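Chains: A, B, C, D, E, F, G, H, I, J, K and L, in written order; residue numbering restarts at 1 for each.
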Amino acid sequence: MARVLVLNGPNLNLLGEREPGLYGAVSLAAIEARLAALGAELGLEVRCRQSNHEGVLIDEVHAARQDCAGLVVNAGGLAHSSIALADALRAFAGRICEVHLTNVHAREPFRHHSHLAPVADAVLCGCGPLGYELALRFLAAGATP
Amino acid sequence: MARVLVLNGPNLNLLGEREPGLYGAVSLAAIEARLAALGAELGLEVRCRQSNHEGVLIDEVHAARQDCAGLVVNAGGLAHSSIALADALRAFAGRICEVHLTNVHAREPFRHHSHLAPVADAVLCGCGPLGYELALRFLAAGATP
Amino acid sequence: MARVLVLNGPNLNLLGEREPGLYGAVSLAAIEARLAALGAELGLEVRCRQSNHEGVLIDEVHAARQDCAGLVVNAGGLAHSSIALADALRAFAGRICEVHLTNVHAREPFRHHSHLAPVADAVLCGCGPLGYELALRFLAAGATP
Amino acid sequence: MARVLVLNGPNLNLLGEREPGLYGAVSLAAIEARLAALGAELGLEVRCRQSNHEGVLIDEVHAARQDCAGLVVNAGGLAHSSIALADALRAFAGRICEVHLTNVHAREPFRHHSHLAPVADAVLCGCGPLGYELALRFLAAGATP
Amino acid sequence: MARVLVLNGPNLNLLGEREPGLYGAVSLAAIEARLAALGAELGLEVRCRQSNHEGVLIDEVHAARQDCAGLVVNAGGLAHSSIALADALRAFAGRICEVHLTNVHAREPFRHHSHLAPVADAVLCGCGPLGYELALRFLAAGATP
Amino acid sequence: MARVLVLNGPNLNLLGEREPGLYGAVSLAAIEARLAALGAELGLEVRCRQSNHEGVLIDEVHAARQDCAGLVVNAGGLAHSSIALADALRAFAGRICEVHLTNVHAREPFRHHSHLAPVADAVLCGCGPLGYELALRFLAAGATP
Amino acid sequence: MARVLVLNGPNLNLLGEREPGLYGAVSLAAIEARLAALGAELGLEVRCRQSNHEGVLIDEVHAARQDCAGLVVNAGGLAHSSIALADALRAFAGRICEVHLTNVHAREPFRHHSHLAPVADAVLCGCGPLGYELALRFLAAGATP
Amino acid sequence: MARVLVLNGPNLNLLGEREPGLYGAVSLAAIEARLAALGAELGLEVRCRQSNHEGVLIDEVHAARQDCAGLVVNAGGLAHSSIALADALRAFAGRICEVHLTNVHAREPFRHHSHLAPVADAVLCGCGPLGYELALRFLAAGATP
Amino acid sequence: MARVLVLNGPNLNLLGEREPGLYGAVSLAAIEARLAALGAELGLEVRCRQSNHEGVLIDEVHAARQDCAGLVVNAGGLAHSSIALADALRAFAGRICEVHLTNVHAREPFRHHSHLAPVADAVLCGCGPLGYELALRFLAAGATP
Amino acid sequence: MARVLVLNGPNLNLLGEREPGLYGAVSLAAIEARLAALGAELGLEVRCRQSNHEGVLIDEVHAARQDCAGLVVNAGGLAHSSIALADALRAFAGRICEVHLTNVHAREPFRHHSHLAPVADAVLCGCGPLGYELALRFLAAGATP
Amino acid sequence: MARVLVLNGPNLNLLGEREPGLYGAVSLAAIEARLAALGAELGLEVRCRQSNHEGVLIDEVHAARQDCAGLVVNAGGLAHSSIALADALRAFAGRICEVHLTNVHAREPFRHHSHLAPVADAVLCGCGPLGYELALRFLAAGATP
Amino acid sequence: MARVLVLNGPNLNLLGEREPGLYGAVSLAAIEARLAALGAELGLEVRCRQSNHEGVLIDEVHAARQDCAGLVVNAGGLAHSSIALADALRAFAGRICEVHLTNVHAREPFRHHSHLAPVADAVLCGCGPLGYELALRFLAAGATP
């Protein structure tokens, strides 16, 4: 059974509390539980990590190089500023799906560009918590095109 | 049973023939057949339209205002240039999911910006033909967040 | 009696229905009726055309080269993207007045620039449906300055 | 009977003398006389002011807050540089119509942007002296849309 | 005998009538006749098409994928705005030569960039109607370098 | 018999040796021989010069003011940086055709702009060595349009 | 006892009346009274001036060169456009504190840059009327760092 | 008694040692002691934290959501690059005052823009260590305007 | 005897006092005395005006239209921001020479562009007070080239 | 014997494993061993540190202020985004040499600018692991020029 | 008697022949003769050099370091592109006056910026051949301010 | 024994004389002597050339294609403007190391970009004359990585 890392970055620990009108009312724990269940259904073991520290996120990506076949990443604000995290993802051999809860293209201009996007295989934004589930389905489906 | 319009723009009639290494080897007809099947499973009636003419696409969006609850749109190159199509989507009351077969963020700079993206609710790119299916799932799942 | 073409572009067929708070509650048919009446008063025969197709609009401008002395044009979203339509207007010998229902300068940046504006003799924006009537008056008044 | 301020900025006192091929051969006094007459016809009392001093123009706008229901403004070169005048207009509660004698969009790039335009309700350019009259008609017609 | 498509876009049906000082006094029909003759001389069958509709032009390119070995394209104003037409050309396997009647580099800045140019094999501008003939010669000469 | 200067700039002396996949396998001497022959056929005397020195190229253009009726110029990298050479061409009364062996629009962005292009009458790029021959034909054909 | 000039620019005479939700409900006179009182407490004599005329503001700065040890300036919209006022401040030897009532960084982009800011010693924005009091405290506290 | 977090970012632990001509000779500990004293006077309990780690600063902001009514933040170089920290501040309900010791507008261009500024209520720069005290006074004074 | 207006803008009344290392130690009165003397020598009557008010400067240019054959202008900071003053100069029929005491191209970027420069016939910068004298010589010498 | 800190940032722990075609096949440990040996030869004690955490890197620079005379830094992706790390280096009194393994100027545009470069004394890029050794030699050689 | 170098760059050997409406009808030899005469009057020995070769111009500046006290330079098109010539001027200890015959600020945008201008002490443009004489007067007058 | 060309461009003949505080007090001859000695030590024959003429530098690179295995280039100001020299280097098959004496990233913005850098294998800046020696060591060390 393939393993997948679901990596959440800064402020996503506040999901369900922070601006629920924008980010939804579901907590990260609840989302992670759903992903575990869906993963099981799709034949994927799901490892979930969240950190507000860029360095920890990079360490997690490095660790995933050893034992994960795919990676779902929502780096929060770091998506728009962290070349270092993007470089870590470049060193990851498996498939990568970037997720944003909100439709970043309908928000402030500084959210329109993600350093991670050109490194990822797919990018999903605006689907809310469902986005993580769609990302799992994408990883489960295998190579594109 | 809710109806959904799946709208494909210029050059997508060539799917399966054109640069299969980039866009995949599946024809548009095959994709549309899969969407009909998945729609049935999700309780959605799927209407598929493709045109190389911007005006026809706008007319289709106008028609969908009467009888569709959601819209999946892959406008091809028009995504990056057509304000008129984006304005037509602004006049559509239901949910909208933009789809790109390829990860546009890993391609030429002129593909990084879509006039449709800020009008859509969600944007999925880089999932290949599977992207249309994930879009249907998004529409079926109801409102965000 | 001089003839004038009033040309409306994409999405303007939705006038009265689409975002009435922004574009007004009057239908295009009602506006065109008013223009016919005002035209008669000013000694102008008014021909009205609307299309969502850039090519049709260009064809209409070409036709007007034969039998119209003036042109009122609201190209909707094409104003901001269509060099081809602007080139068609460059080939029109009579006076041209561009109209926008809303004050485009108070909206999104991509609406601030019109490819048609430098080709037109006058540009009126933000007057709502009344703008078309003022445009007729401008055409009826003859040359500037 | 509602009162309207027609405010002209720097260099407009030279109308009729300065580059008549560009700005027309009619003097400002003659234009103001026409506006008084048309205003009477439309039920508007027209107060005309011109100054080459930004500060005086701002003072006039402040005064108009007390006793005018509408404002026509052609700020000349200040339109492109004066945020202070735009801020004064922001503090005016009535309707505002910006006028330019020439089609600024067909001239030098620095004339394409007006700080006043996003504060105004409507913007008319390229109609020559007639533009002031169309502006009065716009103010007389009441709210948009 | 190889077949070549000569594709003309918006406003080129006006050749000979529109601004002859800029675009020349020869009609499109006359140019096409010359091209047929030169083609015969060079061993090329020349198919000529003109449309003011972007969609029709794309359809023509798609059709040419079946039976043409080369393509001469003058897309008029669409050269500067149509990513969709450029994408259609990307799907064409034969050689492509873009032609502009005028030297676009000596005109307005928005004419300096063509979306088609990086897709074409060669670009000829400023040669007037002769440019089409030179383009035929280029296609007849075979591969570069 | 009219005389024409064919002027080649920096690095074009390496033709045939340097990156033949990009610039072709034909030497400059061979190209110049072909041009002499074609010139004879077209009634043009062809003078060929090459230098890696901007100053020498300018001197050659000055000399051509005395005895040449036309000029073909491929300035290599200087096309993108030399205003001084462009000014020299401005002082040349005859017709000028700029040539690039490769399609510069499909290469690095700094090659997209040529200081010489707006001074030239025509610009041909991407035709390989054949481009020089087409340029001769253009000069032989007389004035545009 | 040191003297300090508190200089307010265009539209600040409207404080308390204009958009109180944005600028507060306190009049300029009331603010100036508070500043006189606080000045006395801090050992500063406070001279207050307001004008809508850039020239008058410059004259006031020139006068303050003779008899003031510090300067508090809120130039309103002129902060973003007046190089002349900034140059006047450059000629003032004492300490300068720029004040904005609102947080200009959370407003329109043209308010993000102040020509006065690089000339001032300190810049306070978003504190409302309290900002003037904090500025007095800064001037009273002497040199930085 | 309300609690306030005073949060200092990278390199501010060096205060008093690093470039004293620029940042002053007072240590961070001395500043924090003064703030505690002033806080007591103003009825505020002051909690001081410093870290060179972006992640720790975000964690501190998250913690302050539970028990602080206001926040003073000097994020050092992170002010100009950390969208993640700005997002953390967006999730803080109380009032926020950004402080810079130096006048960033008189320094390198990359210091002119702060990602935190549009999230803060007020921004104070160039006041040296006194700036923290003024920030406390701002927080103590309650809501603006 | 021809009359010439020497017009000085904001802050130039401080010449000799303000930053003498940058602007020189000579007062404006002394400069004007020298210009009167030199003017007499060159057969020019020199009228000198200085104001810190843009409106007054514009009024002076308007007055000069009646009785001056040439104009020397140093608009101080207004050179970089006042389109209105530039427009006034456009309405002046005689020759215009812009003067800057310092070499503006060696100073801050916002001083590199002058709105007046493209309207002037000549621009002299960096000559210190001597620049005014050279400007008089230029006006006395008659038309260029 | 002088001490030197060799500081490596995010992802450099993967040296030898990650994209060896780009970054080389030598591990960081092997490089550090070589540097220790070369340092001994040059009379330098070499302390090596690597971290994926910006905060840790800043802490290391702070520590080096106490006991190191020179600093070699390869900050990986942080070079392009971390103003905070650059500020830490500004507070370091000794000589600094920035190293990049690859020639960043031949890679993506976002790698062309380093926030550290203007703070460093020297910058070496594209030398692969040898670059660290050249950097040691530079530090050993003493002051420039 | 001090010596001054008057250095003219590319295409200035054509003065009097090239576009006399723009550059005047006086030859360079005639100008140089005038300068010798005026120099004698002012106590300056004038050495004149012209070259179309950037390298020769640099060599001349190097030579002038040995025996010239001042330098007048009109580098033609090289002013806008040659950093190498500007660097040569940086190594010249005497005073430098840049001259342009035409008012470059009223011409194409690429002529608005000169690499030499920030290195020069003064810049004179638009005075035609008289500009060289004014430049000599500036050099003769000694130091600014 | 492999041969290496050390190529110096404009103004580097002044080394030791020009701004020694910036470029050092060592003459180019002394540097070249050192390089010959180090080359001998490393098994490299070093050929040194300097010219202020771009064309000569290009000729030298062409010659080096015949008999040199590596190239050290410091093109002075041409690094920032000469695409022609960069193209010459593109035609050189051996390894290339660009050198700048100063840290160009800490100087004027126009020195931050080098046209040669993306063509070189390595770039060393800020090491003073030692940089040439490090460059020799790089070339002697063989291929990267």
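Rule of thumb we're sticking to: contacts are C-beta pairs under 8 Å (C-beta built on N, C-alpha and C of every residue); 3 or more make two chains touch, one makes a residue touch a chain.
None of the values given here were measured: they were computed from a predicted structure.
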Steps needed, at fewest, to go from chain I to chain J via touching chains: 3
Other chains in touch with both chain E and chain J: none
Between chain K and chain D, distance of the C-alpha-averaged centres to the nearest whole Å: 48
CA centroid of chain C to CA centroid of chain K, Å: 54
Chain centre separation (chain C, chain L; CA means) in Å: 62
Per-residue multi-chain contacts in chain K, two or more chains: 53-56, 81
Pairs of chains satisfying the touch condition: A-B, A-H, A-J, B-C, B-E, C-D, C-E, D-G, D-I, E-F, F-K, F-L, G-H, G-I, H-J, I-K, J-L, K-L
Sites on chain L touched by chain F in the complex: 53-56, 58-59, 62, 81-88, 90-91, 115
Touching residues on chain C, where the partner in the complex is chain B: 9-11, 13-14, 17-19, 51-56, 76-78, 80-81, 110-111
Residues of chain L touching chain J in the complex: 20-26, 101, 103, 105-106, 112-114, 117-131, 134, 137-138, 141, 144-145
